[in-house]
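Next, two complexes with chain A in common: one pairs it with chain B, the other with chain C.
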Partner chain A sequence: MFGCNPLDYDLKVELSRCFNGIGTVYLAQYLPNGQHIAVKKYRMDKASKEESILARDELLIMRQFSHPNIHTFHTSFVYGNELFQIAPLMCFGSCKDTIANCFRAGFPEIFVALIMRDVLSGLEYLHRRGYVHRSIRASHILLNQTKAVLAGFRECTSIVGHGERIASLHHLAPCSARSLNWLAPEVLEQNIIGYTEKSDIYSIGITCCELANGVEPFADAQPTFMFTEKVRGNVPTLLDRSTCPASEEMIEIVASTDSDSIRQAQQIYCQRVFSDEFHQFTEICMEKKPSSRWSALQLLSHSFFKQCRHTSILDQLQRFGLETKDYSQIRDESLVLCSDLSEMNVHSNDWSWDF
Partner chain B sequence: MEIQIHQHFSTDDSNNNNNINNNNKKSNLEQTLVAATTHSVTANNSILMPPLDTKLLANKQGLHANNEANNINMDVDTADGEVSVLLANKNFHYDALSNPDQSFEADVNVDGNGGAKFVAGDEAKQLLSEQTHAQVTWLDSEQIDALDLTTLDIGNMFFNRVDSAEIIYQKKKKEIKMVGKYVMGDVLGEGSYGKVKEVLDSENLCRRAVKILTKRKLRRIPNGEQNVQREIQLLKHLQHKNVVALLDVLYNEEKQKMYMIMEYCVGGLQELVDSAPEKKLPLFQAHRYFCQLISGLEYLHGCRIIHKDIKPGNLLLSLDQILKISDFGVAEQLDLFAADDTCTTGQGSPAFQPPEIANGHESFSGTKVDIWSCGVTLYNICTGQYPFEGDNIYRLFENIGRGQWQAPDWLYKLDAQLAGLILGMLQAEPAKRYSIQQIRCDPWFISAPEEKGPPIPIPPLKHDVYRRSTVLPYLDAYHYETERDLEEVYFTEHDLNRELARQAAAAAAEIKAQQQQKQLAAANATGPSTSADASTSNSISKEKKSSSLKRRAKKLTSCISVKKLSNCRPS
Partner chain C sequence: MPLFGKSQKTPAELVRSLKEAINALETGGDRKAEKAQEDVSKNLVSIKNMLYGSSDSEPPADYVVAQLSQELYNSNLLLLLIQNLHRIDFEGKKHVALIFNNVLRRQIGTRSPTVEYICTKPEILFTLMAGYEDAHPEIALNSGTMLRECARYEALAKIMLHSEEFFKFFRYVEVSTFDIASDAFSTFKELLTRHKLLCAEFLEANYDRFFTQHYQRLLNSENYVTRRQSLKLLGELLLDRHNFTVMTRYISEPENLKLMMNMLKEKSRNIQFEAFHVFKVFVANPNKPKPILDILLRNQSKLVDFLTNFHTDRSEDEQFNDEKAYLIKQIKELKPLPEA
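Moving on, here comes the complex of A and B:
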């Protein structure tokens, strides 16, 4: 359906960057059929050997999955120095982007419930297949009008090795430095007990806080402090009227020193009320003992998701006035110039003066 | 580990019965040993400690002798997280440095109780009485290391009876120490080159191990610095699942130290074998490690590296039981244009050396040396014995070099295929010895032995079965300092012993209760499962408790044993 000729893809606008600046995501149109898709380009010349292995493994792992709530890709190919990954367009980008664009103080509860239901059903599929995601966070949950999907499989690993299920994993994922705040205490501890797929459930809890609060827990903390806090069993909370702290502590939570934005955020937090189910749901996810955490399947039957019954992501998007533009109208003219320039750079080495 | 030695002598008008503290002490890492000596008559005042900032003893007694002239020789041994401090008074000759014409001599004789008698002349007493402040020597670990250098006259070393109330411990404060971006933890092990400590990368929170090398100690080892340089050069370029990874090298010019940041490993195969009953591993477990050893070795040989020191002690295990070949101190990288794998030097461990080295051949095939060592290693982990033994290195080499080794009959009974493989690897003739490719085709290598029973678990470190991060207490102290009791805590050996006795009694009672409970549980086995569950969970929690008690109780015995006498080293 999608070919391997990069000239067939008309890159329209840069959506985001990822993977330490190696990857760039574009909104593009596939010229042969006019469909809008997302093109992820990896500059492989910038990647180290380990990073290129990770990029390759991510594609290999993603290819094994087939689930409506797991991000997929149509095709991938290498052109020049670049690795192209052609994926369905997730028009709202990641949840982190959406928070930054539209919900500075976090998503409303109903939205979190809808997203989490999708993510959990994707996660349940992953766990059933014997995979641990290891980096669930808002920036790895992509949104479009109808659903949320789980993406970001660079740190995903199988708990099946040599044909048998491995009892537990022990090591941090390579390049996990940026997802440390979401990791479960038993993952960070790196001891003989190790961790299982239950560590993903803890990350779900942290992600719930991130989605609802608009900011990740431990955003401003030193990694070592975050580590000791988690080992001590201290967990972040959803911020609403019952839990909203004093303004001094807000500085830490909001990770900003701007007093206006702190006051604003505090005002919002103090006015809203999250349901008991939501509070309970995150607490269950962030149980210190992995065995007392619920599995993804059990969590899907939690009463927190009752509110999702008669609504959908689309309904809620309309309610909050989030709409998508007509893609064909979007075009970033500077992008063409940029790509021309970068191509020129590539070729400049080939020039040789002929006297 | 910081050790503060505080020695203070006091003399009295009457018979000088000076008890010199001669501690032979292993204390746990949590504690700093403050050793204090006082006159036995005034024993109780030794508990009075000086304000730490002045580092001087508040003098409560009128008569005090300067102890500057005493040689304090001590050795700190932290091989397993314990510290032994050896204090010896060299010869009790007080050289009154401040007053040369009034030099006095003190005679030392050891009385029947092993206590030292100290007789000083009248002049000496006068001299001593003039000195109003006893000098207290505070030493940190580096100074202690430095003291270690001063040679000790063993003839003058003696052990002394010291009242248990006079030995004062100070609770060790866990103070965070950073090297680069790494937070230091506790000691994992110690070699001739220095200590290996656990560290935590403060940026990505990965557990790591650091090999701390001091220039001073390296100089003492033949080819020490050269070997380390070579090891770093080699390890930098190696990347394999079964070869230990060197991640970073840091230098501290000021302290003359080098830090090699390595992968974190829970321990060596040697420790695992030692912890096993009969000192051997079940065959399936040995097979698992051996396969990894061969794949690591294949990689090394592919990189033209001859390890030359393959033995269980140099094979480490990671948290997920992956074997890592380590210690490339005597390894050799063949020249890129070398015609074959001929080596000329062998510096490995004697018991693992092949006949060609035992017989002193000038050159030999390098890869076959490693194969032989692998064979001895496999024999050792499977049977708990060595194929060649000897009272000393000459006998050992004589036995190794004597001729073709024959696999004993009992080995064939244990597993005939295994015996065949070991025999293939222990061929006296290097040309006949198996190559890695032949090992890979061996029937025992191909088919894993049946799993009978559980594998031998990784032995606990300081009674921590789970090998939790030892950096955590330091981080706790750093991040929650205000919550902690900042006061100095002192307690004496006497208190400690009493506490230990109390705890031992409590532990015994608990074990008894536990056994009773087990019997009860066994009796109730037919009963509802919930009650059985409850009792097992109960007993688990009790086991945990008793293990922590054991740890404390261990100190009692360690107090009288000396781990290592560094001063016995050849100078």
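Moving on, here comes the complex of A and C:
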């Protein structure tokens, strides 16, 4: 349905950068059918060997999945030095973007429940097929008007290798340095027991905190502190009236800061109340012992999701006044200029060898 | 028979009913095909679980696996599954690959019965290789995972390398869809690098066809990724000591030197860097043929200047800097051959 001719894709505006600055995501229109889609361009000439392999493997692994809550792509092709990935448009970007744009102190509980229900059904699909995602976090959950999808498969791996099921994994994912705060204690410990798909469930717990608090736990902490806390089994909490005043650290941090936004967030934390189900849900996800954590399938039946019954992401977006724009009106004129300029590359190679 | 839950089919029953379902899928009309699709999926899942053990059950007993494999060989079902891969639904295709890869690794002592079986039925391999054809892009990646598992076994790699189908990879690695092209390239690379002696033998015997007729085209591809990958693989092939004969021949041909020198000054720094690793072999060769020496001599001062300013920011890469210094020294000291 989507072809491999780059001229058929009309890039309208840059949405975000990703993958160490190699990738850029654009809002674009596919001219042959007028459909709006996302075009992700990778500058392959700027990618190291390892990065090109990661980019390739992410696309190949995504081809193994077909589930409404797992991000997919229509096609991919190379033009010039760039790799194009044509994907469905997730108009609100990642949940991290949405937090930054609309919910500085975190999503309302009902939103977290709706998002997590989608993410968990995607995750259940992955786990049932023997895949471990290994980097679940708000920036890897994408959102549009109707659903949330799980993305970010650069670190995803299979527990079936060479026709055999592997009991547990031991190696850290290739670029997990950025994701340490979300990783489960058994992943960080790197011991002989290794880890399984249950490590993803721990990351779900951390991501719940990130979605609800607007910032991930341990965001300002030293990695060693984060590590010892997790290994001791101390779990991060959702910040609301029941947990926030008790935390002296928070008060200290707030007192020492001049930033209005942190003070505002602190006020919101002290006033709001999350349900007991929500608190309990995140605690189950972050059980120290992997076998005590519920599976994705079990979590889907947790009473936390009862509140999703008579509502949907679309309802909630409307309630909070988050409407989408008319894409046909959007166009960043400087984009054309930029691409023209890059075409005009100075030719320093105008000499030749004597053969 | 268990009191509760479904009764377990025996391996023979599973294989028989899967075979029937596949045949129905092949021939049936719309309504029939739908039912057949369901049966195929169900049986594939049962066989897969029998081989891998479902996550909550015990690992499978050896005799079940043995029985199942035997049934698969006798019924010719592996070939039938692969031939009909495009008719099987999305999840089913992946189950076929899982089943295939598991049965493939089966061992009895030092023997690999499935590998032996496939040796007698090479059309299994050729059908898998044809999975990269444009006709059914949806089976390309599934075929790829099975092919790469096959390529791990020397006997199977040999059949593939020495087949006419192998040369079709030069087309597959350049198809416009990136994910399929790069999967094909992984398989191509696996076949050319996994079994060193086999590969060396193949490259020597097919030097002209492989390098001059086909590989040259990949190196000149419009597609940046193809160019970069094939240049990198070329470097790996030439620098592998098993391929000494091939390397000696490659670095005695002036056209190859010209190509590398042009790639040295390409716009992309990654290409330049990979080209450097092939170029260095031409210079380091102690017995340069006259045409090679002539080209280097004609460009002596240009090369020295060029290399002196080449990737000067890689100061932390000691090996690279040593090699670069060595090349500059070698080129500076080049002298024409004494007239005969």
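The definition used in the following text is that the second predicted complex is superposed on the first by the 332 of 355 C-alpha atoms of A that agree within 3 Å, B and C clash if a C-alpha of one lies under 4 Å from a C-alpha of the other, contacts with A are read in each partner's own complex, and residues count from 1 in each chain.
Definition applied: contacts are C-beta pairs under 8 Å (C-beta built on N, C-alpha and C of every residue); 3 or more make two chains touch, one makes a residue touch a chain.
Source: prediction; values computed, not measured.
Participant: Is A:R165 touching the first partner chain B, the second partner chain C, both, or neither of them?
Facilitator: A:R165: touches chain C, not chain B.
Participant: Taking the superposition as given, does A:L60 touch the first partner, chain B, the second, chain C, both, or neither?
Facilitator: In the superposition, A:L60 touches chain C alone.
Participant: For the three-chain arrangement built by superposition, which of chain B and chain C touches the greater number of chain A residues?
Facilitator: C
Participant: In the superposed arrangement, does A:G80 touch chain B (first), chain C (second), both or neither?
Facilitator: In the superposition, A:G80 contacts chain C only.
Participant: A:I193 in the overlay: touching chain B, chain C, both, or neither? Say first, second, both or neither.
Facilitator: first
Participant: Examine A:T98 and indicate which partner it touches, taking first as chain B and second as chain C; both and neither are also allowed.
Facilitator: After superposing on A, A:T98 lies clear of both chain B and chain C.
Participant: Would you sort A:N69 into first (chain B), second (chain C), both or neither based on which partner it touches?
Facilitator: In the superposed model, A:N69 contacts neither chain B nor chain C.
Participant: Per the contact definition in the header, classify A:V231: touching chain B only (first), chain C only (second), both, or neither.
Facilitator: First partner only, chain B.
Participant: Let me test your reading of the model: by the given contact rule, A:C4 touches which partner, first (chain B), second (chain C), both or neither?
Facilitator: second
Participant: Taking the two structures together, which residues of chain A meet both chain B and chain C?
Facilitator: none
Participant: What part of chain B is in contact with chain A in the complex they form?
Facilitator: Per the stated touch rule, the residues are 183, 200, 202-207, 264, 266, 318-320, 458, 465-469, 472, 475-476, 478-480.
Participant: Please output the residues of chain C touching chain A within their complex, sorted ascending.
Facilitator: Touch residues, chain C against chain A: 52-53, 90-91, 94, 98, 100-105, 141, 149, 152, 176-179, 182-183, 223-226, 228, 232, 254, 258, 261-262, 265-271, 295, 298-299, 302.
Participant: Spell out the part of chain A that touches chain C in their complex, as residue ranges.
Facilitator: 4, 44-45, 47-49, 52, 56, 59-60, 63-64, 66, 75-78, 80-84, 129, 160, 162-165, 345, 349, 353-355
Participant: Considering the complex alone, what residue numbers of chain A touch chain B?
Facilitator: That would be residues 166, 169-172, 176-177, 180, 188-194, 222-225, 227-228, 231 of chain A.
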